[in-house]
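The structure under discussion appears below in the form of structure tokens.
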């Protein structure tokens, strides 16, 4: 039970919270937020699990950096698509969710 | 020369060049590059057949530290399949998109997609696979959204959400595995095996993430609008290749781990989901009134067959497992070819009648028989009717089912086959109607028609030469020894 | 790759190439299409005849090609296959001639003839298939290639018929596939040549073998129109006359019956099947089908529908002959494969002539057609009498052999079935003949197309007359070498029956 | 006549009509064929007169291997059959001059004739059956020649019965043939022995008796006779009654196990049936109002006597060697006489007044022959009687058989009287031509003196018409005449319809049939899976409604939830995995 | 309600199982950090994370740059299909402009520092790119028109530059007979820096253009029913 594991737990918590939000929300921006929370959770998990008594592991940190960029790109793309969708339909939720 | 890095580098470079080219040069440039890349893919296959497994350590570092590209028979065949399908979709798209606003975005995205696919086929690193999957996912979403109308935007949005959820689930699995094993190389995973509960949980997380991206029932909801609403060549690519990528990763994972000790429950859950997909997808396809949506649901159904692989290899006799492997491989290839052909043919039909609805197909058989023929030929293979790759695959699946004693799948195979025949026939039946005839049909360009026909008939021809790709697929695979 | 290997492939592929050629032709190239068709038909016939001599001389024609793991694609010419392929190639020729005349001035001819040739390809493939797998391949191809023919007219009714047809046949195909796969899983590739594999299995497999037999028969029975699954046949008769002719006489129905013959004769072996106790119930089923079809035919007013129910009844003779465990009955059943084809194709040709020339579709419109179309009516009468089993026509030979065979095997009930069926056949055919020949025309023909008073178009007239001639010749010259009966006997004696 | 010629004749007799039939189909040859049609029976006549018995023509390429031959019995049958066909054919030639359906009549005529000759000459079972069937079906065309409702009804009744008969015959033949040495190419001669040994012996005998009985007019299956004879044209009636009926007899004689085994039950039954027919036919016949109907019942009656003879043969095998020629003779005599009588119907009232009596006498001649006292009839009856008396030793009732024969002659006489009376009452018909006179004359002549044509029949030389039998022959005739005269004076005829029972049958039969059909339909409908495939509605609303599915909607709406649940299930499963 | 319960159940299960997984985990056998440390000198940079990013797992990074580019490509393509209305992004706020004019040089400086520092301590292309992008966003909000971005070629070249340089360097290695992205040890450090510069620019521009390419706010007030939906 190290501090690192504590991060991992927080990560799990964020993940589950994000998942819950992702399930319960309809509004697309909220869902994106939930997704980002979930993403942050999983990054924490990745970094947190890898740290142990042997010291800091740079590999997961690099991977998280990559992951963050990917997440940013995804979020940005999602926002672009969302804005387009909103503009065309005037809806902020998906058709089946109405 | 080792062709492996080129399989990724070349499409990336082409993507950049295409991105910078003016719109009117994009299609011809792409076609030229596609020929080149196809040759490299074939060369890869030849090398794999000649030498066995090919490896390329990227950046010069060995596996756990660096990332290794690896090509066995499975990889090489997938690369060639990708080249084949993409090539003909590109040929179709060149004609189909001419002068449309979507043309500009399509070509660079196509190349990014190809790059992503090849990187996935070649990758041996769990995290690298994640990045590849994300690249593929965003490209696919972009392709779906291309037309920019409400329908496709909503579909793209839904697809994106599903893809993101799936990737995150996969990423959590990766995190757990790294925390447990301290390595992300598949080879290390194979070494350590499944004995550890954490790895098992990680496997479950990754599996379900990938399953969501493969659109397995009941997580298929995003697929029909996305594949049905996209541009024709995009639909073809998505159905034929993109969903196969996540399946490919899943299969790699399972085959890397020792199948004998994998959780049978999990395999059965996947099998049951697959059965559900076969039945539900077939049923829904039958109920569709729009042609491309019908084809999209057919993808949902066909994906189900591929998932019967898991219960059939997990904890069963070696003969059954080998048969299941062969069956799934053959099914995968023939579905890719047939579905691409079918989507292209459906697109041609929709173009010809100027309406997406099946009911408007009346008279097509008389005036545009060629497109319909392609559709029918692809349908034969999809429905698993002989002589076709689809049939041989189904036959092997049947043999595997019998050999493993898992009789549960028999009714699924049969009802599924009949349902798929039924929805193909539904389309054909409508086009045979000779009622108050329309005589105005648009004529799709010949390249468009031929690319559909070639893909569709390739899946038919596969029925006669099935043994050849199956031999290649065994190279370096878990069943290298043969059955 | 020598002649012995290539000949079966050549036989199958003549019509396939013709199909491809026809598909590539433009719609209006009627003459060229006709030449394609007839040339292919003649070439195929010549090849089959050539092969026939070869088979008699004991030359093994075999083409073999590995398809998937443990499964071969085998085309092989044995006596039974030659018999069936001979039938189909002969009748293909005549049906093609007929169809060219029949479809004059109608749309979609390219499609029609293309699928027509495909249909023959698959029929010949079925005939020459050397193992169960190849058989199944062509069997399903047949389903697919006949569908466009059934729905050819494109009417609501035709589409419905096509749908029903496919529902039946595809379900049948699925069941058959299960049976085939089951057998394959049990003993591997099942070649037709030697029916020694299954009998040598341990007795504890018997229940499984019985179940598989039932599956195979259930699958094949759909096409053979055995009792509970015959429903598609009368509905599918909405197709154009040449299609019905081909469907009923050669292709689909016969493929089912032929498949049952293969399964019983070449896979299980008659003796082994008898020992398993599966033949007797099948025989009863066939008997019931014979009677049921005849009874239903009585009340049909639509001429082709009546003929369709007659087919339901007649095809089961083949199965019946197979199930009696007697070489003579077997020969009778096998020869009926050919004889029924000849007779039924004649009848459908004639029905087509009535419909095409005069617009007559129903039995009660036939009054006086004999005077208007004497040659057609003679052919029809010959076919009808043949069906009843009046000597010296083809149907009689079958009944005689079946009867004698049944008595040899001690199955007296078969006589009752035969006699009852003959009487019922008479009951539904003779009124037609009476109307044709002995009633004066009461009302103008519904749609008189061909206004000259010389019967009908020669393309339409010639085929039924020739096939009617065959109906007589098949019986009158039954004793000669190369008669269908002789071939059936060759099949039986080489099959190593008790 | 040498063997070659005989062989040629054996083949030509059945083939010539068929050849003519084929030639008829060529329009150019049609007039020639029309002229030749009546002469198609000539080869058969020549064969009878000059052919050699025991000669056998093998046609191994035909059917399952056919053979044609003529033995003594066949020769007798062929003799009267051929003559009948010739005479009636000549008559018909004149009749058809202005007939618009002459063509169809000739075709049916030729086909029936070919069938009749074939069945007589056939050696093997299959050829025999070929001939029989050909005759049966072609005769339909003769019966319904006039196309009027009576003819069509008669034709229908005939066809139904004939087909039932054919069914029974083929069943019997199959059952019997399967017991012979070579079942597929069974010889007719082997059939009786096979029947004797067969396990289903009684069934086979029943099949044969009833199957051939349809032709031979056995009671209950006789109904077509009184309907068909008056409805058919005169020459057709002549051959139907003279030749075709005898084909039934020939069938019996060829197939039943005569002389091989004693079948007392069958014998008794058949004898009874025969006499029922003999007396019943007479009884009903005298009440008829058409001359041809009367003749038809007379045929039933006469065939009844022959049936009784058959029964005797079954009862006492020992009698058979003598009985067979006697029956053949009887058939010969009856066939020709009946032919002459039938043609007489057309001939009657033709002559001028002073010739009328002569003509009437000429008509009475075959009648008398039928009743007994005339030359041919006398020989036939006496032969039969002698043979029956030879078996008298056995049961007591046997000795009454000759008496019954004589009593039957009374009936015959009254029938003939009725016939003549009806003829005298009838209106004169259309003028007949010379060739018709020729045909009738021929039959008249041979019916009276025909027996001299049969010098090779041993019975004829063995049993000369002994004068001691003369009283036996004459008294029934006298009684019959008296009865007839009395009856014509004092009794009114009952309106027994033609075809008697058949008039009652259809109503019952139709009821039963309707019921059966109803039941069958219900049963079949129950099993037929009938589903109306719904037509797709064209409206857009229906469109989307169809496309959407509630389940699909829920799945899509709650995709993330479903995913989470599945994940949870997967995780739990993996945790619990042992 | 059922939905909520089901969601709660699922999430609880997932969390419990994940916690179980974390608790149950054993220490990894392989020691990747040690390997990294061991081979750090070969990379030409001294900071381990940067080494991993741009050398050991440079392939990941390459793909990740591609991901970002894909997002921009999609955004550009979408604008092609659905033309924009009038640009209403700039906020007419003089205070903001003033702050931006103060902040901008600082941000550029920070970005440059981060880029340079990346090779030896925390920092690097992404951080620098992000700061640069933030500056761009601020400018954009302050109403500074990015007219030069409207020129398609110019924009594309800069956007593609990062990936292009990355791929070009990798391919160069490949052509030189080494593995893909296997820098020659002599030039490793400078090559990495070169790549980082290009990538920084591309990332920054990509992020800014994603903002630029998202369609502007619609005209007119929000409809009441839409507002209601927003609240949901």
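Which chain is which? They are A, B, C, D and E, in the order written, and residues in each are numbered from 1.
Note that in this section contacts are C-beta pairs under 8 Å (C-beta built on N, C-alpha and C of every residue); 3 or more make two chains touch, one makes a residue touch a chain.
This is a predicted model, so every value here is computed, not measured.
Contact with both chain A and chain E is made by B, D.
Ranked by how close its C-alpha mean sits to the mean of all protein C-alpha atoms, the top chain is C.
The greatest centre-to-centre distance from chain E, using averaged C-alpha positions, is reached by D. Just count the C-beta contacts per chain pair and the biggest one is B-E. For this pair, chain C with chain E, the centres built from the Cα atoms lie 71 Å apart. One simple way to say how far apart two chains are is to compare their mean CA positions; for chain B and chain E this gives 29 Å.
If each chain is reduced to the centroid of its CA atoms, chain D and chain E end up 105 Å from each other. Our note on geometry: chain B versus chain C, Cα centroid distance of 42 Å, whole angstroms.
The set of chain A residues that touch two or more partner chains comprises 8, 15, 19, 22-23, 45, 49, 59, 63, 66, 70, 73-74, 77, 81, 84, 88, 96.
Residue positions 127, 131, 134, 138, 141-142, 145, 148-149, 158, 161, 165, 172, 176, 178-180, 182, 197, 201, 221 of chain B are each in touch with at least two other chains. Residue positions of chain C with contacts to 2 or more other chains are 156, 163. Contact between chains, using the touch rule, shows up for A-B, A-D, A-E, B-C, B-D, B-E, C-D, D-E. Per the touch definition, chain A reaches chain B in the complex via residues 8, 11, 15, 18, 22, 28, 31, 35, 38-39, 42, 45-46, 49-50, 59-60, 63, 66-67, 70, 73-74, 77-78, 81-82, 84-85, 88-89, 94-96.
By the touch criterion given at the top, residues 3-4, 7-8, 10-12, 14-15, 18-19, 22, 25, 27-28, 31-34, 36, 48-53, 56-57, 60-61, 64-65, 67-68, 70-71, 74-75, 78, 82, 124, 126, 203, 206-207, 210, 213-215, 218, 223, 226, 229-230, 232 of chain E touch chain A in their complex. Chain D makes touch with chain B in their complex at residues 536, 538, 543-544, 546-547, 549, 551-552, 555-557, 559-560, 562-563, 566-567, 569-571, 573-577.
In the complex of the two chains, the chain A residues touching chain E come out as 5, 8-9, 12-13, 15-16, 19-20, 23-24, 26-27, 45, 49, 52, 54-59, 61-63, 65-66, 68-70, 72-74, 76-77, 79-81, 83-84, 86-88, 90-93.
Residues of chain D touching chain E in their complex: 558, 561, 564-565, 567-568, 571-572, 575.
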